[in-house]
Structures are given as structure tokens and as C-alpha cells.
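Working notes, beginning with the structure itself.
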Amino acid sequence: MESINFLYELLGKNALTITLVVILPLGFVLIYALVAILAELKTSAWIQERLGPMRTGPWGILQPVAEVIKLIQKEDITPAKADKLLYNAAPFIVFTGAYSAFAVIPFSEYFAPSRIDLGLFYIFAVGSISALGIVMGGWASNNKYSMMGAMRSVAQLISYEVPAAIAILSIVVLTSTMNLQEINKLQTGWFWNWFLFGGPGTLAKWWIVPFTIILCMIYFIAALAETNRLPFDIPEGESELVAGFHTEYSGIKFAMFFFAEYAYMFVVAAILTTVFLGGWNSPFGNLMQGPGWGVFWFIFKGFSVVMVQIWIRWTLPRFRVDQLMYLGWKILLPISFVCFLIISLYVMLK
Amino acid sequence: MGELKRLDLEYNQLTSDKMRLNVGPQHPSTHGVLRLEVVVDGEIVTEVIPHLGYLHRSFEKYCEQMTYVQVIPYIDRMDYISAMNNEWVYVMGMEKLMGLKVSDKVEYIRVILAELNRIANHQIAVATFGLDAGAFTPFLYYFRDREHIIWVFEKLSGARLLYNYFRVGGLAADIYDGFKEDCLNIVKRVRKTNEELMDLLILNGIFIKRTANVGILPPDVAISYACSGPVLRGSGIKYDLRKDEPYSIYDRFDFDIPVGDGEVGVPGDCWNRNIVRVREMEQSCRIIEQALEQMDMEGDVKELVPRRVKPPAGEVYMRAENPKGDLGLYIVSDGTDKPERIKARGTSFVNLSVIPEISKGYMFADLILILGSIDIVLGEVDR
Amino acid sequence: MGLLNRLDDPYEGGGIVLGKIEDILNWGRSKSNWYLHFGLACCAIEFMAMNASHFDFMRFGTIPRTSPRQADFIMITGTVTFKMAERIKILYEQMAEPKYVISVGSCSNCGGPYWEHGYHVLKGVDKIIPVDVYIPGCPPRPEAFQEGMIKLQKKINEQAIFNKRKRLKKEQSDDNK
Amino acid sequence: MLTNEIFEKLKSEFGENILECNDQQPVDHFIVVKSEKLFEICHTLRDDDDFLFDYLMSLSGMDLNENLGVVYHLYSMKLKHKLVLKVMVPKTDPKTPSVERIWRTADWHEREAYDLMGIEFTGHHNLIRILCPYDWEGHPLRKDYQTPESYHGMKTSS
């Protein structure tokens, strides 16, 4: 593997470097989450012809900071009849699930915390951990609404993990690698080399382009469902389940759920970016390509996907739980199978 | 073999436990302080028991202590979303009891205000219904338009929500200059937003999936439960007091009664109940336009207002088409200046009573939508 | 911004560092207020209008929460009946500290139009839970809601977290002067 | 059909159970019936081809000082006519048949009349309080009702 971690090269492989490598994404997640929360508040306000928070710093840009300061000070309530251990562990597990995915996300050609060969596989594995945390939290709260939310969450995760995995698997068939850094490198060049447009190759690839676009959409829909965003936010559907699985959580533990949701949003956006949108590659060939630009492009693309998620949230109504299952199993899954088949055919014929 | 049989027995004994959920009195989508005791089997609702009275403000007791004029503000607070219409029913009842005939100008102003309030009410109803389905943005769009209606009311009566504007025999104040232009602007606005919201909410695929074929109320059941308003019309029954027994001057206008025709789903489901409201807004716009055209600006709106309201002994049951259905007021007078008894037949009270009937067998998430589609106001349910 | 205004004030006891930390903590709490909307009656409709685009309650950094656990203050908007009173108490107790109460409208302030003859209306929500800010009106105008919110923020900004006893003593001596 | 025509027809069918027809009032005319045969009378009113009163607009409990009364406002969706029906019950033993099985809307109306007036509707499947709390004492809309001092430790007067 030629790609190198910039920090390893600079400092050598010692404890300090490893700590740095671990902490950098954490810092990124925290800052990103604050920005995303602000973006959510301001985007929703913009869509709804309002102003949004205006009185916290100029144009309200310090609003997320104020929220964090407030949440730290809040009383941390554990309901008397809750299962204390599971109740307290749940937010940490949820956050761990979201955060550990960052271990393989390649921010740039020169910085990926870990370059394991099974990157995609790893993300799918640890991504499911957060669902475990949600179930734990929902069950341990000893609240009926929480439990219903938790149940729905599991059902949702199981239904949507499958189409998402198949969509990604199709691209793996094309790339014949699961290493995220390798997938990125394959897409170097102009934007028609992205896997959204069939990946690198001659003009003969044109007949799989529609299918890769469909796969990208399938993955995006499934990702919305996995992050519990509208129109799939039934685990915390406000109008029926009060606040869903985190009804009983307050203070910093609730903040962790909150952060985990936004972190996970970026994780799925990062996978989408890496697998379909060329990762840290510039869309314009060698123009604006380089170590610094790599980070910019990656974060720019990832954040754009997050913004689309926010946009969808403030536009669409919510699905019902059985309709959600129907969509997952009877529509997305067959379509993704068909696409998978066709792409495999293409690879065989090539 | 024996082992297998035992296992089989155990399997048959496995039943899913039913869960008793308490929806309300504080819940984001009970539209106030309604409490529903819901028995769910998994996600399926098997039984709904409503508990009322969390906003029981003893309206009827108050009426017995107040003079006839003092009752009007309390009537406002019954169905607080459509206060103008409420006042109108009471005022009309009193005029019938006293044999007063108000001037044409007063009638026209009353019609315009009532129709404006009908639009405002339906906007809230559709908006909160969308909110129940998870769409937050249409809610704000409707409220943005409602604000313009509120401004007209505010200029007339000084209040934003509870107007106390109608008087027995007339109105509290005359209309202001520019009333006509304001109303025409509102009509334009309402039409534009409705068109916009058709795409965003009403005909949205997810919204149709959520609301069509859910909570079906058959016509005969609707009549047996004495439903009225959009709930009854959503089931396909053309029944509107404005046409069926035209009170005031409604026979002078040309308008249609929209009914749930099963364009999407079947008549009587949530979508059809909702679309009736959307279409009624358009009809109200038509009535307002015609009324503004026919109206004569000359005349005094207070010439018939008596100093002291003292009707002869007698009783009257007055009902009129409110936005939510027909509100009935049973006023009994014993000849003094205080009513002997006023009984309000709350529209929402009656409409709400179908909830246990029509929500069985649907999903828990549907129950919220069924409740939203009935459009209740707890002030009127509990009084 | 409260923080900047307070920087000029002399700090008794506590010192400048504690004072500043306190200011930052108070600033966070006052600017990020999540509320539990306890919509009871007419005022709730006016509050919905307050939330809408024309007045935009979220400008103050408020976010509606549906669970009492995550709310910082509760808005009692409307008439409190006896049947409801006990529920309000439970809900208030379920909220996490620090918590505040805004009582909206005449009904929940003192019984409002229902203060005299009614048999089923509680004459003021302050009979069961402590109220921080009263917003008068029947129903209050959206401007009154804004005023009430600013009052609450002011109140939070002036709270003492450290050296409570010293602060209290100083206030008492100030009052005596 | 006008009220006095309905009165004549009911009189021929139910005889002395139909007490009087008042068309002297300034506004609404009404028929007073005895409470014993009320259920049958209502049944006839709903199903007879001349009446077809399928829509119960309102059911109100009344306090008439020595008596309690129940007033039924009926409407026919098909024939578009109205009727006001009144029943008197003594205050000492306020019992009258329930019409809940004839018009289902009467269910909640009767519960309300029971709650606020204390009229007992025999044959009602679930006659419990509806507006006041379940442990409330007394029937508040009666003219001689005394508001209790406190409820669950909360004072009722200001």
C-alpha cells in the first residue's frame, strides 16, 4: 500500500502519534456536530421563512455552544425503576458505535486513522452497535414509549441494513476491494470516474451508469433510515411516541444521543462520499487536487450530503412503521438485487 | 412424540401481552388536554377509551351567573379557534328569542367575518394534521397566512383570538376603511398557499399513504353518532346548514358543498376528511368575494343593540354551521336578564365520540392521525 | 449580550475567575432554553402563532421538546382545572434541574375569567408549582410572550451558582441600605 | 311535519304517555312525554316512515327546581324536520330510560347529563362521570349545588 498516514511519517509510530490520530477525528466530530446543529436550526428557519436563533452571538452562530454549556449543567436523572447499568451505558454505546466508524474514514490521501483492508465491512459491523445502544436505552428506561421506540428502531435497522449493504456490495464487485482508501484512489480524475457514474473505465461502462445512480439513491434512502431521520424517524416520532427511545434521558446523556445522531449522519455521508462521490478527489481532474484540497473536498462533499438530509427532514411527512418495512423489504431490496446482478454481469463480461 | 406435543402446547399458550398506553393529557399531538387510554397489541390498537374533562371550565354554570351580554366572552372561549362563529350562534339565538331583525349591513359583515374565521380554523386544522403526520413546514406556512386574517380581526375588535365583537342586534364597532382591500388580499393569499400546499402536503405521496384508507367512518355510523361538519361531509354526506336550512343571508350566495368523494382512498377516511377542509377554504373565499361585492357600506351597525338584553320567557335551540360542524346552543330564558340555562352542544364533543369506534384495528401511529383528522378543540369538548 | 454587560460589574467574593465561569454557565442556560409546551387552552393557540414565522420564538434559542426530561422550562398556557392540576405537578417534578416555569395568561396566573363562580378551575397555577415569570393577557399577545422570554433570560443571567451565601448576604445588605 | 301533527300521531299510538304539546312558546314548540315509555317512543320516532328522526342534535339535562328534565332535540336528515321532546323526572328519584341504543351519540350526552345534573339513565352501558373527576362529589349544574371547599387539598374558591 503506497498511501501513507501523514502523521506517522512526520512523528514515527509512537504512542503520541497514535493518540493524535485518535483524537483528531474526535475533535472533528465535535466541531462538525456543532456546525451541523447550527445548520439544522438555520436551514429549517430558512425553509420556513423564519430567522432561527438570532440572539446568541452574531446571527446566532454560538447557539450550539450555548446548548452544550446548558446540557452539561442539566441534572442527570435516572428513573427510579430503570435498569441502572444498561440505562447509563446506552448513550455511551450509541456514541461509541457512531464514533468508531471514524477509524477507517479516509479524510485525505494522507490521513486515514486506520487503513484496514476490510474498511467497508468494518463500518457496517460497528454501525449496528448504535442500534444496540438504542435498544438498551429504550428498554432500560422502563417507559412504554421508549420501549416502542427501541423496538421500531431495531426493526428499522434490520430492514435497511440489507439494501444498504447490497448497494455497497455492488460497488465492491466493481472495485474488487473493500479498502476505502483504495476505492478513493480508483476514482481519481474527472468526476465521471466516480462510481456514481460507473467508475473508471472506457465508454463501454455507459450501460451500468443508470444502475449505479439507482444504487446511490438506494444507499442514501437506507442511510436516512439508519440514522433515524425524517421521513424515517419513527423511533422518535414526536407526534406519537413523545420523544421515542430517549424520552427519559436528560442532560449530558441526552446530549450524547444528540451528538451520536449527528456523528452517524456524517458517517453515512462519508461512506456515500467515498464510495459514490469520489471521496477526497477533486471533481476536476488535477485541478484543485492535493493534500489540503483532499480534506476540503471530502468534508465539502460529506457536508453537502448532510445538508440534503436536513433539507429532506424539513420537507417530508413521516412514514408509518409497516410502510417503512414495506419500502425496505419489497421495494429497495429487489431493486438493489437487480442492480447487483447487472453490475456483476458487467464485471464478468469486462 | 410426547416431548413434541408438550412443546406444541407451550407454543399455543404463548400470547402476546397487550400494553396499556396513556396518550395524554400531556402529549404532543392530542390537540390539547385529551387523554386517551389506548390498549395496543404490538402496534395495533385494540381499544381506545377517551377520558375528557381536563379543560372542564364550567361554562354552563357561568352562564347562569352572568347577564346575557356577559355570556359572549365565555362563548368565545369555548371553541377558541373560531370565536367569531361561536358568537354568531349565540347572538342569532338571542335575536330569534327577542324577535330582532338586524340590518343587511350587519348580516354581510357577520358572514364575511364568519367565513374568514372558517378559513383560519381550517388552516389550523390542516396544519396540525400535517404536523401529526410529521410535516412541520406546512404548519408554519399556514400560520403565516392565518396571521393576515388575525390582523383584520384585530383591527376590528382589538383582540387577536377572542374577539367579543358580536352583539345581540348588531356589532360592537363598525368596519374600518380598507376592510374590503384587506379581505380581498387574504382571499388571494389563501388561494395561493393552498395551491402551494397541495404539492407539498395534501398530494404528497407519503402523506396519501399515511392518511388514505385510514380511520374509515361509514355514513350511517356518522349519522348515528350525530357527527357534523367536515367529519360528516368527509363520509360523503352532503349536509351543510348553510344550504340545508339557510340561516342569516346564506341563500344569497352561490357556493358548493365539498364532500369526500373518494378521489384518493375511500370516502370517510382521514384524507377525505382533510380534503373537505381544504376545499371549503376555497368556497369560503367565494362567499367572501360575493359578500364584498353585494355589501352596502352605509348604515349603523349598533342601532338595534339594546342597552339591556332582557328576552321574554321562552326557549330556543339555535344551531349554525361552524367550521367544525354545527354548534347548537339551547338557551332557556325565564324573563330576567340572566339566562335560566344555556346548554352548548359542542361540535367537537360529539365528533370526538366516534374515536373509539373508528380507530380499532389500525396502527398506533394511525390513531394520532385519526384524531387529527377529526379536528377537535378541547375547549369545546369539555366546555 | 449578558456576558459583556456583566464584565464591567465588580465581583464581590468569588473573584473574577469564578465570576466569569458563572457568567458563561448562566449565559449558556439563558440562551439555550428548551421548553415543554404545556398547551391547555386558548393561550396555546396564540403560542402556536408565536412559534410561527411572523414572531419566531426560536430566535431566543428555544427549541420545543416533547419530553419533560429534556426541557428547561415549562410553559403553562391556559386554564388549569382540578383534574389537570395533579398532572402538572407530576410533570413539573419530572423535569431536570435547573427548571423554570412560565405561567401564560390570566387563567393560569389567577384563574382569569373563571376566577369567581366556577367549581372546577384552579385559581392560579402558582398554588401547585412555583412560577418564575407571569405573562398577563387573555390571551397574551405574541409581544407579551417575547417580553416574558426576555424576563426569564434576565432572571437566569442574574442567578448565583458559586458563593450563593455571600451573594445573598450582599443583596440583603444592599436592600437594608 | 309540524310539532302538533307529530303530537297527534304519537298520541294515537302511545295514548296517555304523551302528556302535552306546547305551541305557545315564542320560539320552539315541544312535546312533553312520560318517562316510562320513552325508549319505545324514541324508537318509533327514529324508525317510523313519517318521522325518521335519525339525528339526535342535542340532549340536555335541565334543573326545573322541583323536577329534573331531559330535553331531546331531534332532526331528520331525510325529511328535514325537527322536534323537541321533553321528559320530566322527580328530583328524588331521577331515573329515565337511556336512548343510547337508538342514537349512539346519546352515550356521551347522557354521561354528561348524569355528571352535571345527576339524572340516571337506566340501561346505559357505562354511566360514569365524564367531565368532572371520577371522585368528584355532587352534581354541579343543579341549582342547589354547593361548591365544596377543597378538592384533594386544593382550595376551590379564590
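Letters A, B, C and D name the chains as they come in the text, with residue numbers starting at 1 for each one.
As a convention for this text, contacts are C-beta pairs under 8 Å (C-beta built on N, C-alpha and C of every residue); 3 or more make two chains touch, one makes a residue touch a chain.
Chain labels with UniProt names: A = NADH-quinone oxidoreductase subunit H; B = NADH-quinone oxidoreductase subunit D; D = NADH-quinone oxidoreductase subunit C.
A quick note: this is a predicted structure, and the numbers were derived from the prediction, not measured.
Asks: Which chain is the middle one, judged by CA centres?
Replies: B
Asks: Express in whole angstrom the distance between the two chain centres, defined as the mean CA positions of subunit C and subunit D.
Replies: 47
Asks: Can you check how far apart subunit A and subunit D are, centre to centre, with Cα atoms defining each centre and the answer in Å?
Replies: 63
Asks: Please work out the Cα centroid separation of subunit A and subunit B, and write it as a whole number of Å.
Replies: 44
Asks: Using CA atom averages as chain centres, what separation in Å is found between subunit A and subunit C?
Replies: So the centroids are 37 Å from each other.
Asks: Show the residues in subunit C shared as contacts by 2 or more other chains, in ascending order.
Replies: 53, 66, 83, 116, 119-120
Asks: Two-or-more-chain contact residues of subunit A, please, as numbers and ranges.
Replies: 48-50, 238, 242
Asks: Do you know which subunit D residues sit against two or more other chains?
Replies: 131-133, 140 - these are the residues of subunit D that touch more than one other chain.
Asks: Among the chains present, which pairs are found to touch?
Replies: Applying the touch rule to all chain pairs gives A-B, A-C, B-C, B-D, C-D.
Asks: Across the complex, what residues on subunit B touch subunit A?
Replies: 19, 21, 27-29, 43, 130-137, 140-141, 144, 200-201, 204, 206-207, 209-210, 363-368
Asks: What part of subunit C is in contact with subunit A in the complex they form?
Replies: Against subunit A, subunit C makes touches at 1, 24-25, 27-29, 31-33, 53, 56, 58-61, 63, 65-67, 69-70, 72, 94, 96-98.
Asks: For the complex, which residues does subunit B have touching subunit C?
Replies: Within the complex, subunit B contacts subunit C at residues 25-28, 32-33, 53-58, 61-62, 65, 73-74, 77, 80-81, 124, 139-140, 143-144, 146-147, 150, 160-162, 378-379.
Asks: In the complex, go through subunit A and note every residue touching subunit B.
Replies: Counting only subunit A, the residues touching subunit B are 44, 47-50, 144-145, 148, 230-231, 233-234, 237-240, 242, 314-323.
Asks: Touching residues of subunit D toward subunit B in the complex: what are they?
Replies: Spelled out, the residues of subunit D in touch with subunit B are 25-28, 30, 54-58, 60-63, 71, 73, 77, 80, 84, 103-105, 107-108, 112, 116, 129-133, 140-141.
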